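Paired with chain B in one complex and with chain C in the other, chain A is shared by the two complexes that follow.
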Partner chain A sequence: MSRFPYIPHTESEINKMLEFIGVKNIGELFNDVPHVFDFELKLPDSTDEFSVMRELKTLAHENLNLNEVAVFRGAGIYYHYIPSVINALASRGEFLTAYTPYQPEVSQGTLQALFEFQTMISELTGLEVANSSMYDGATAVAEAALMAVRVNGRNKILIARSLHPEYRVVTKTYCHSQNIIVEEIEYSKDKGQVEPEHLKNRLDDDVSAVIIGYPNYFGIVEDLQKIKALLDEKTLLVVVANPIALSIFEAPGILGADIVVGEGQPLGNHPSLGGPGLGFFATREKYVRKMPGRIIGEAKDVDGKTGYVMVLQTREQHIRRKKATSNICSNHAHNAVIAAIYMSLMGKEGLKEVALRSYDKAHYLFSQLSNMEGVKPLFSGPFFHEFVVSVEGLTVGELNNELLKHKILGPMELEKDFPELGNSALFCTTEAVRNEDIEFLLGRLEEII
Partner chain B sequence: MTIFEKSVKGRKGYSLPKEELHSEASFSGIPGHLLRKDPPELPECSEVDVVRHYTELSRKNYSVDNGFYPLGSCTMKYNPRLNEEIASLEGFSYLHPYQPVETIQGVLEVMYDLQNMLAEITGMDAFTLQPAAGAHGELTGMLIVKKYFELRGETQRKKVIVPDSAHGTNPASATMAGFEVVEIASNESGLVDLDNLRAALDDTIAAIMLTNPNTLGLFEKDILEISEMAHKNGTLLYYDGANLNAIMGHVRPGDMGFDIIHLNLHKTFSTPHGMGGPGSGPVGVKKHLEGLLPVPVVRLNNDGYYLDYDLPNTIGKVRSFYGNFRVILKAYAYIKMLGKDGLKLASEMAVLNANYLRVKLSKLIPPSYPGTCKHEFVLDGSKLLKEYGIKTLDLAKRLLDYGLHPPTVYFPLIVHEALMIEPTETESKDNLDKFAETIEKIVEEARKDPEILKNAPYTTPVRRLDETTASRKPILRWRREK
Partner chain C sequence: MKKYAKTHEWVLVEGNVATVGVSNYAQEHLGDIVYVELPEAGKEIKKGETVCTIESVKAASDVYAPLSGKIIEINEELDAAPETINSDAEGSGWIFKIELSDPAELDGLLDEEEYKKFCEEEEA
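Take a look at the complex of A and B:
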């Protein structure tokens, strides 16, 4: 009898197989492994499903789950409502346990879903082509920087300091390895967005791309049109967008962006401690061969029937090897399909409604906080669903500890990543924050501050 | 039919709380040109429309849950349902990466334990779980190599040696990290040619990237000599963990002399491949490279688990936050279920299955290299091409008609008409017998009437697709016909 649920072999089958191969025992199949390697693993013994589930349920309970608190923290990962349909469809084994669609005839589900995902991302970003996903927002930004250098051969990247700190670090890591210079551009201390005059002084013939958040890390919507107007013909404008915000703010492609990337987690993916989500990546048609990642295209079969295949694979690592546009192989296809299901369910009205409600609650909270003693708004730029205030009397860390006692996950502390902002906090609201939660938060803040 | 064509204006598939807006959402502070003029053309569907659409799509997919998936080098083993249930627990899926460390102790315990278990399985000293996929792990590893030599002031080490049998991601990752790639040819046994290696090794070589067993499924028996040659030359040895499934509990990369390795949790540790991601590509290093790992690293002190950002020589970060946590969880549950005895047995059964199938199929299609294999093997289909005019691709397409997923074809590049087969330990003898019988039937068809194969498949949702035209005139998104 076999002892393990995932291994089907019975003793008699093993014996028959060994005999067929012509060896006496399993050990003979490892004869080419030198015996100097003999050892025994220091790991626990195997156990049963009931025990593993119990252990992990206990560990899960040790964490504070976001559904138990009112969430006012975003900073790159957002707490939106995830409709039941998403889990039901995403957990189908035919999606979950399939591999990269190397045989398109039996992978049309994957291929069509990703083709539809690409279409939706093109629509949101206002650009002609999108790939079928990257690892996350940060790596999408880093790869956009590398792609810009491939496009124009220049060697310097200007990255807004108002961009997510982790995105900046990852971009620097990637660029360092290829000797690409990365410099930060400051934000205006009043508006919290890139000051066109500042940027102008930093531009020269070495600048390959300017990378800007939309909205930026402080929640502020940058004026892409003004920024684009400053760039010469060759310099690429790379925009890092929140996909939900794109249903009410003008598509970056329309305002002159050459590459639009971002974190797709808000589109129906769980927060999951920040992973896995997905990076999305869109660009202009003329750059499609320089774009990293997997791309799905429409095709005809021998009977003239429409189907889908992976296209432009000559850019990829399995054909171009060391000359590939990127080494990305397994992207985040499953998360991209989840995002496609979410966008199909919400549709253009639903996505806009999510965005409007997130926006409305944030602006209400902002106006209430602006009137509160000990709290001061820091920036005057237009914002989406996040904003920064400074706090007096106690540190944001202390404030958050107090709020947590009331089951509120308070704002992101900014001082560590932005010491120049002092004791300041980044608040966030989504449609999943109830109006009564906001009133409750305001009441507690009155008491604490 | 696409979801866009199923869209009907005015339909909706969602519901949100009935709450009053505070301000009718006025956009008074926002410049007009920053407000969206044309809404994105997203579909308008009811909930049932969406459920039926994606259910229909899922039915057009082959998956491990459907049947045998012997893709070489991909380790398509069964993915336990237990793992999915665990990853869906709210205490794991609804967590914010920036919530206080005191409120995620359960998570950090899983990560800390998994780091240690992976270190034990591979014989390395320290692990990061940050990389999002195998190739991302390779990049991370190469960035560590780069930083290591920068710190030592050996900036002349600009090259990385990669055998010609290596995965395409190896040279691509080394190039992305700013290295020049030196390809070396394998010998007639399909192993690293020691003379070629010796000739290529000089003080410009930063690292050698190897897979062991290699992509032909053969164990590099000279590994200790290779390792000695590398280290004598001041070169680091990098292990591509794609093939770890063959050797768990039998031999550890760390003991073979590797300095850096990446693993594919979505291969060896049975987390689902999800149509091509998310994966997870943890990277392990020996002690002398520990300080270069990406931040943060999960550690334990008297106050509990914490995220350590204080690594003075870190390469930085390779992605946001801490990695693909839900994938990490599934690997953790899998290792717990199997334990030390089960992991070892898994490798043994994977190797048994591969050899059983190799011997069975060798009578029909010759193997590319003789002798015992590990978890996978490569057949050389050029005999079929010569005798019947049948390409490996034709055979692969015909397999689809029999309801089976074909093996990896045309890889590794060094074998003509390659057919690379990896059955994994989760397939029973019956399934392997059935697969071999099907191949026999197809070879018989090739002999009698090769046209059957050349026009296959016949039974799939679409038949052979014109990939050339699709790439020459790419249509990359849906558009409404005007």
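Take a look at the complex of A and C:
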């Protein structure tokens, strides 16, 4: 075995250790592991740092950077403008050192930032308590399903098919091993939202929770009040929300949601390779002990000074693994800190402006596309900053390849996850799409389709 | 007649009904109790089974059934005032009452003297 420069043991030390425990070579230590990956890596010879950096940078330049293209794709991860002050503040060493702030005496700053995060999530969702973040949007949805079962002891989850396909898969995986039944509820082929009549027929005494998007995966706003009215007293309404949309929409908590979760990435976090994201999770106070994750509380010390502490951590896996409310050991605390900085710097008005601009641009693009030959809007439900159209003449994959040549990241192809929708595309605009980008896209589409 | 389990529950038997709580010794070791996850009345339990959970500021501990039987009453006041266990663990801080299905199990429990000795040994 060749020597690695950062492994401090010499060949003879290694041999001594192997001899002592009675094996011939290092490979023998891994005999219990199935030999699926039993091959030599074809790595180039080692070279100096400078040359490696040059090589890697050259390779990296072959990637397309989101800052170099016009982005018309969202589908769960969104390209918003992130003012540079946010990264400057978030990358301060004080925020980067406290990974999990168990020790309140050394991490007051992080704890306070997370407390502010919770407060703002509470305000956006219209619910009384929010935790200090989850792993990501998908796992937050799955954890909401498990929590609903803890709350009412029922065994079936109805999940809207109009929800993000990955969120549905993750939820099913979580529930499968706990013997919780997960069934999908169909969306209306005209409106693209959950059909109350259809949902009504699916409800029974076993249904623990109904999970729907707000807006849903197709960008369409569901009628939360109507859906809530159908549910009996015990069935929980779980709403999966886009936090940016919440700054202009009525808070789901006010419309009857019992749990509101979602992906917090749009709040100042980069959409780098689809992550890292952060999940947010809010609920009613009466369910707080059934809620996963940690909560940061504000307290007074013996001198009456304000201090921040982690509360309800006795339900967490580092104290009682078997009975913990969640076994995801990590939340995305630093991403939550970034979100808190973003929300506080943007303020209520700033967030609203981001949402309104995203909305306006999407609605403008929608109206222009509606008049274009070969393009047809698919749903009539009200939408936020994403919408679905069907395309004629070429596949959405082919269309995207053409658009990429013009440095346009085109719409999400839906056929793979939604075969019933055929050759259709999910367009998205945020405030980070300039008006001239939209005109440029429209021009290219005229040529291509 | 008050008896104790090695898992630190106390039992007070009157007729065929046993009142159960956690011992004063246990309460002292748990620290400030902030929540009691109460069991459901009507549930059949077997000696040694986990019945409910007590959360203090530093730990979450299970309460085990010291005897077998059916839970006939729970102390709902603990919902709003879990700290009662800290102030009066072996009195108004009782947690649930069991209708005994096997009174002979009582013989396996410790009396006050034996329990005191058991705790001292645990400390040592």
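For this structure, a couple of remarks:
The working rule: the second predicted complex is superposed on the first by the 392 of 449 C-alpha atoms of A that agree within 3 Å, B and C clash if a C-alpha of one lies under 4 Å from a C-alpha of the other, contacts with A are read in each partner's own complex, and residues count from 1 in each chain.
The rule is short, and it goes like this: contacts are C-beta pairs under 8 Å (C-beta built on N, C-alpha and C of every residue); 3 or more make two chains touch, one makes a residue touch a chain.
Please read all numbers here as calculations on a predicted model, not as lab measurements.
In the superposition on chain A, A:Leu351 contacts chain B only, with no contact to chain C.
In the superposition on chain A, A:Thr139 makes contact with chain B only, not with chain C. Of the two partner chains placed by superposition, chain B and chain C are both touched by A:Ile319. With both structures placed on the common chain, the touch criterion links A:Leu43 to chain B but leaves chain C unconnected.
In the superposed model, A:Ala70 lies in contact with neither chain B nor chain C.
Once the two complexes are overlaid on the shared chain, A:Leu445 sits clear of chain B and of chain C alike. Between chain B and chain C, B touches the greater number of residues of chain A. In the three-chain superposition model, chain A touches both chain B and chain C at residues 314, 319-320, 323.
Every residue of chain A that touches chain C in the complex is listed here, in rising order: 289, 314-315, 319-320, 323. Taken together, the chain C residues at the contact with chain A in this complex read 34-35, 37, 53, 55-60.
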